[in-house]
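What follows is a pair of complexes built around subunit A, which joins subunit B in one and subunit C in the other.
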Partner chain A sequence: MKTNKKVLICYIAASFILFAAALQPAAAQTYKIGLSLAITGPTSDAGVPYSKGVEDYFKYANDMKLLGDDKLDCMIKDDAYKTDVTKRNFEEFLDQGIELYLNYSTGSTLGLKKDFEEEKIPTLPASFHAGNLDDSNYIFLPIVSYSGQLIGLAEYVTKMHQGETPKVAMFIHPSAFGRGPVEDLKKAVEAGLNIEIVEVVEHGKDLDNTAMLKRLSSKGVQYVFCHTVQSPVATMLKDAQRLDVAASKFGENGKMTFLGIHYTGGNDLIALAGDASENFFWTTSYTLTSEDTDGARIQLEMAKKYGRDDKIANSHNYTNGIMVAQIAVEAIRRTKAKGKKIVRENLYEELNAMNGMNAFYPVTTVGPVTYSKTDRQGVDTLQLYKVKNGVFRSTGSTFTSEYYKKIQ
Partner chain B sequence: MSYFLQLVVSGIVVGSIYALSALGFVLIYKSSRVINLAHGQIIASGCFITYALNVWVGIPIYLAFVLSLIITFFLAMGVERLFLRRLIGEPIISVIMVTIGLMSILDGIIYLTPFGAENFSFPEFLPTTPIMMGDVSISWTQLVGVIITALLIGGFSWFFKKTTIGIAKRAVADDQLAAMSIGVSVPKVFGLAWATAGLTAAAAGGIIGNITGLNFDTLHAVGITVFPVVILGGLDSILGAVVAGIIMGLIQQFAGGYLDGNWGLNSTAEVLPYIILLIILLIKPHGLFGTHEIERV
Partner chain C sequence: MAVNRWLATGNYFTSYRDEQRIFATHLNRLFFFAFLCCLFVWPLLFEVSNKYMLVIDNILIAIVAIIGLNLLTGFAGLISIGHAAFVGVGAYCLASFARVIGDEHILITHAWPVMIILSGLLGAVFGAFVGLPALRLKHLYLAIATLSFQMIFEWTINSMTFFNQGQTISVGRVFWFTGQVMRADHYVFWYYVVLTVIIICWFMASNLLRTRYGRSLIAVRDNDRAADAMGMHPGLTKVYAFALGGFFAGVAGALHAYLYRGVGIESFTLHHSISYLAMAIVGGLGTLNGSFWGPLAIRTLDLQVDNLAEKAGHIFSANLSLATALRPLAFGLVIVLFLMFEPRGIANWWRIVKSYTKLWPFKY
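Our next item is the complex of A and B:
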């Protein structure tokens, strides 16, 4: 009899607790995200503003309650551009219970690709290497790949070039990052893109590019496509200016026009090359703070709010970091709006559904972010910029690469 | 012909800068038989100090450059006093390990400053129009670099041959025990070797920074890039550093000018110096002008 009474009391108490819990508003959640990148070591000049962009946007999302009372906790760790350190950081993040991961370099993204697959964790890298997507389902490039950017640039050249088939040289970083888009550009040429690739130059730690520039000039090269970091491009532009081989306007006869994709350009290039950067053409999918756009205004306000200096505030890699964080926040927001739990699987589904009417329009890019199971390159649209009076200015309207679609 | 001449001029320019950068290695090795693996970081530090004095403090560039030489002179002397002096008499490998540690410490300090992760450029202080010699061009920056290199190398050669301290340094390099027995202060000589190496590193940093812009990765990598120059010239020879620097500069330019892009070759300018280095070392293991020590056992 006594036992029955005890059971009844327990039952009533449990029911009361459950009822009270149901009446309570859901407790605020904290969602963990990890970012491993080069804050020191090679490419830290891009990594530092990138990390600040990520950090600031997550702070902004928390401060503006973009996810209601829920909070984002983004853990940022330096990997000094070393893949083994990135792997260690990633494993530590997993132990901390991250639901989404932000990676950085091409080498580490390729190196950890299998880990992302095994863990089934959506990953957004700062590397736009097309090879990141091969045999992978969980890597989402924020913008079109280096290959897409380079082929887009080549299409622009074929459209604007006057005369016979334009002769092109490629000036690339001696690494997986640099070599990534070379084969794709060659495939585009085989598919009918009307350019002649005269030479692919893998640069070294050059103090003087005279030999290379003279050689390219003697081979009749008219356009040099750069895919590396800013410092070697700056040295080359200075040498080209000295040797009087740099075109003063697009496609100038007998001279070379220099063009580059995402990581070659930005204010750092102007800082390093000075006057020699004039008439350098550069393409990316981001808006720039040198242009009067909503994205630029919001970026500058955010930088001011979180006490960033002018250099960070105006860096395109700060924009880059903000944009990646925007995608992460948007995926979480949409998952939450559907009443689903914020777990890797649901975030993965939500990212793949980001297309058509559900495309995401961040203000800091020149086009929408679209993902699906067969397309994991976010913004496909590109904008061409040109250095004019020491500032990058947009030239022409936005475009997408036709040949890149053909070779995929 | 102008193509060939342009490559020669560029090779000599680059080679001179290599020679100046290599000089720091030689000065330290010559007196203490130590290879300073943190030399690239000292080159970068010298460059950053010049920039900071010029742009942030507002000191005219030439004065900033001279001040940076003086500051780096004393900094390097301090480093030697703090970390290396107590290792006199210890195995050389221990001292080299300390220089690796020093490299990490300097990296860490530089990453704490804006120079670690930002790019800068010296304000233009020389004419941007190049000097033309027929069809051959040389920029003012390069010319000034070559002149400074020539002055410093000439100055150090004279210093070692004609001054008491210079002769003392050579005596220490030849035989520390014998030098001590005639009253030469070996610790002081070591300190001075580090200090003068710091001075030349700052000079090289200023010149390279003017050419490439101020990027930490690019600047400290010079320390490794010039290592084949030091080995080729003979670790303890100033003349060797100059000759090897110019040989390397010329090889790089000719490889870039005549080999790269032809017959499917690429980046030979990066590889060829090492191949030639290996061949020369097979014939002359002590480098072109290095001291050939005979040990009797």
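Our next item is the complex of A and C:
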């Protein structure tokens, strides 16, 4: 009898303990994310606003309790645009137990691709190089690749151009970052895209482009597609203005129209090139603060909340950073909502499920983010902007590249 | 020779053989082997994060390269501003194999010691070829010839699609007796490999310097006409000095490729050549132990300046580029200060410390 009583008491006590445990709120979790990028060194002019965008959005997510009581801890390390330092940072992040990784440059993304595969860690780079996706399963580009952007731009030219086949020159960065889309554009031409690529120029550190512009002009080039960073484009635009070879409107006869993709444009280009940037055409998937959109309003409010200066607040790379952080937070939020553990594997699954009805609509882009096992380029939609009176203004409606889909 | 073989308070050499001993006393030998034991044992006792193990491995690889540069510039007196390109030759030798036969080929993953030696030999061939102008050129003119090799190397790698236009070429994970070396053991494994390579290189270099081939390097450095008059061949000596430097650099390049599991041009640029030269100067040109101090000092400085620049980068606006400027400023300042106040490098401090402890507890 005594034994039965003891067992009963034990049962009751255990039930109380279990009941009390069930009533206790689950302990708040902290999820670790790593970001390695160029805060100093080459391209730090883009890296700094990008890092602030990531930092601010994660702060915002914590402050607004977007993940309930759970917190995000994003470690941000400078790699000075060097792959070996990126590798060191990545190893440090792995030691710290990150579940998601944000990378930056094309070189380091290509260099660490095998590590991402081995570690099975979902990675969102700031590089939109199409080659990042070759032989890789864990790299997710935030927006359509440079190739997609450039082919989209070429399609716009073929649509708007009047006359015979438009003659095009490419002005690219002398690296894998710059060279990446050249072959893809050539493939699109072979697939029927009606443009003639007259010359591909890999720029150096020239401070004068007179000879190059004269040569392109003598070859009858009508459009110059730029894929590099802002400063060489600004130098070229200034020279084109001085030589009077820049078109004052799209496709002006006998003149050259300059167009560029994501990293060529933005406010930094206008600041560097001044008046010469007028009528520069630029495409990206991000919304700009020079336009009245929900994304711009949220971005400016966030910048104000976290005390960012005007330059950062209005930078498209700040938008870029915010958007990448938005994808990360959304993937965690969705994983959490399904009651799954926040681990690499589940985040990877959740990112791959971000399509169709589950597509993610961050207001900072002109289209939805869609990922699947066969499509790891986030926003496919592009918007064309044009410099008008010293600011980028959208021109025409959003578009996606048809030929890019054909050549993939 | 001193009567007491364990301690010696002065030089008591009675024969050339005595003078050429690697270890002056038994105590020196004992300390050396105890130190080696510590180097081999500490990773088993303390757990170091992969990040720091990577940093340590990097320093060790730089030591291998600097032993070569020290033989070339310090002992033979031939300035090379293209040492990173020689390191690159070794790395790209491995990368070329990876491109042709695949990065997971058994030759790369299993026969890696052979690949490392092969890379060293190719480095030696390139070194000897680049050293040919040394037959006619001296001093700054020779330095410019090596600089041109650096430029040609960078241009070739950046332009040729075979070399992936400078972008990373992957190198597979190697195998050891216990199986494939995975990430958990990767950095410790390469620590032991590079440490073993350093010990072999150090013994090779110190023994070389005791032979007539080694002494001819110093003789040609000090006065090549006098060396010629003494029956040495200055031209051949210079070419062979370049080949030696190239060999060590090639080995370092292959080790770098295996450690990072990939080869990209950005690790072998002119900036890296200057950095190697700085390591040799700061460590102490013409001293073997300087080859250890230099990489240790410069890589540690790099790491500290990286941290400082990162902190500054978070504070200063990107437009000011102050954070970016910190790195070259600190680097340049260290070189200038060493050239001004300690041209003999850290190796000289080591010499003073050794002299002091030799007489201890008596006054130095």
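Just so it is clear, the second predicted complex is superposed on the first by the 385 of 408 C-alpha atoms of A that agree within 3 Å, B and C clash if a C-alpha of one lies under 4 Å from a C-alpha of the other, contacts with A are read in each partner's own complex, and residues count from 1 in each chain.
The definition used in the following text is that contacts are C-beta pairs under 8 Å (C-beta built on N, C-alpha and C of every residue); 3 or more make two chains touch, one makes a residue touch a chain.
Everything numeric here is computed off the predicted structure, so don't read it as measured data.
Following the overlay on subunit A, a clash is recorded for the pair subunit B and subunit C. With both structures placed on the common chain, the touch criterion links A:Val391 to neither subunit B nor subunit C. Partner contacting the larger number of subunit A residues, of subunit B and subunit C: B. Of the two partner chains, subunit B is the only one that A:Leu243 touches; subunit C does not reach it. Once chain A of one complex is fitted onto chain A of the other, the partner contacts of A:Lys311 extend to both subunit B and subunit C. Judged by the touch definition given at the top, the superposed model places A:Gly47 against both subunit B and subunit C. In the superposed pair of complexes, A:Pro174 makes contact with subunit B and with subunit C alike. In the superposition on chain A, A:Ala359 contacts neither subunit B nor subunit C. Using the contact criterion defined above for the overlaid structures, shared-chain residue A:Ile39 touches subunit B and also reaches subunit C. Looking at the shared chain after the overlay, A:Lys87 reaches subunit C, while subunit B stays out of its contact range.
Looking at the shared chain after the overlay, A:Leu66 reaches neither subunit B nor subunit C.
Annotation: subunit A residues 39-41, 44-45, 47-48, 174, 311 touch subunit B in one complex and subunit C in the other. Subunit A makes touch with subunit B in their complex at residues 39-45, 47-48, 174, 198-202, 204-208, 210-212, 214-216, 218-219, 230-232, 234-235, 238, 241-244, 268, 271-275, 311.
Considering their complex, residues 49-51, 54-55, 58, 158, 164-168, 170, 183, 187, 260-262, 264, 266-267, 306, 309-310, 312-314, 317-319, 321, 323-324, 326-327 of subunit C touch subunit A. Taken together, the subunit A residues at the contact with subunit C in this complex read 39-41, 44-45, 47-49, 77-78, 80, 82-85, 87-89, 91-92, 94-95, 107, 110-111, 114-115, 118-119, 174-176, 179, 309, 311.
Residues of subunit B that touch subunit A in their complex: 3, 6-7, 10, 13-14, 17, 107, 111, 116-121, 124, 128, 130, 137, 139, 142, 208, 211-218, 221-222, 225, 252-257, 260-261, 266-267, 269-270.
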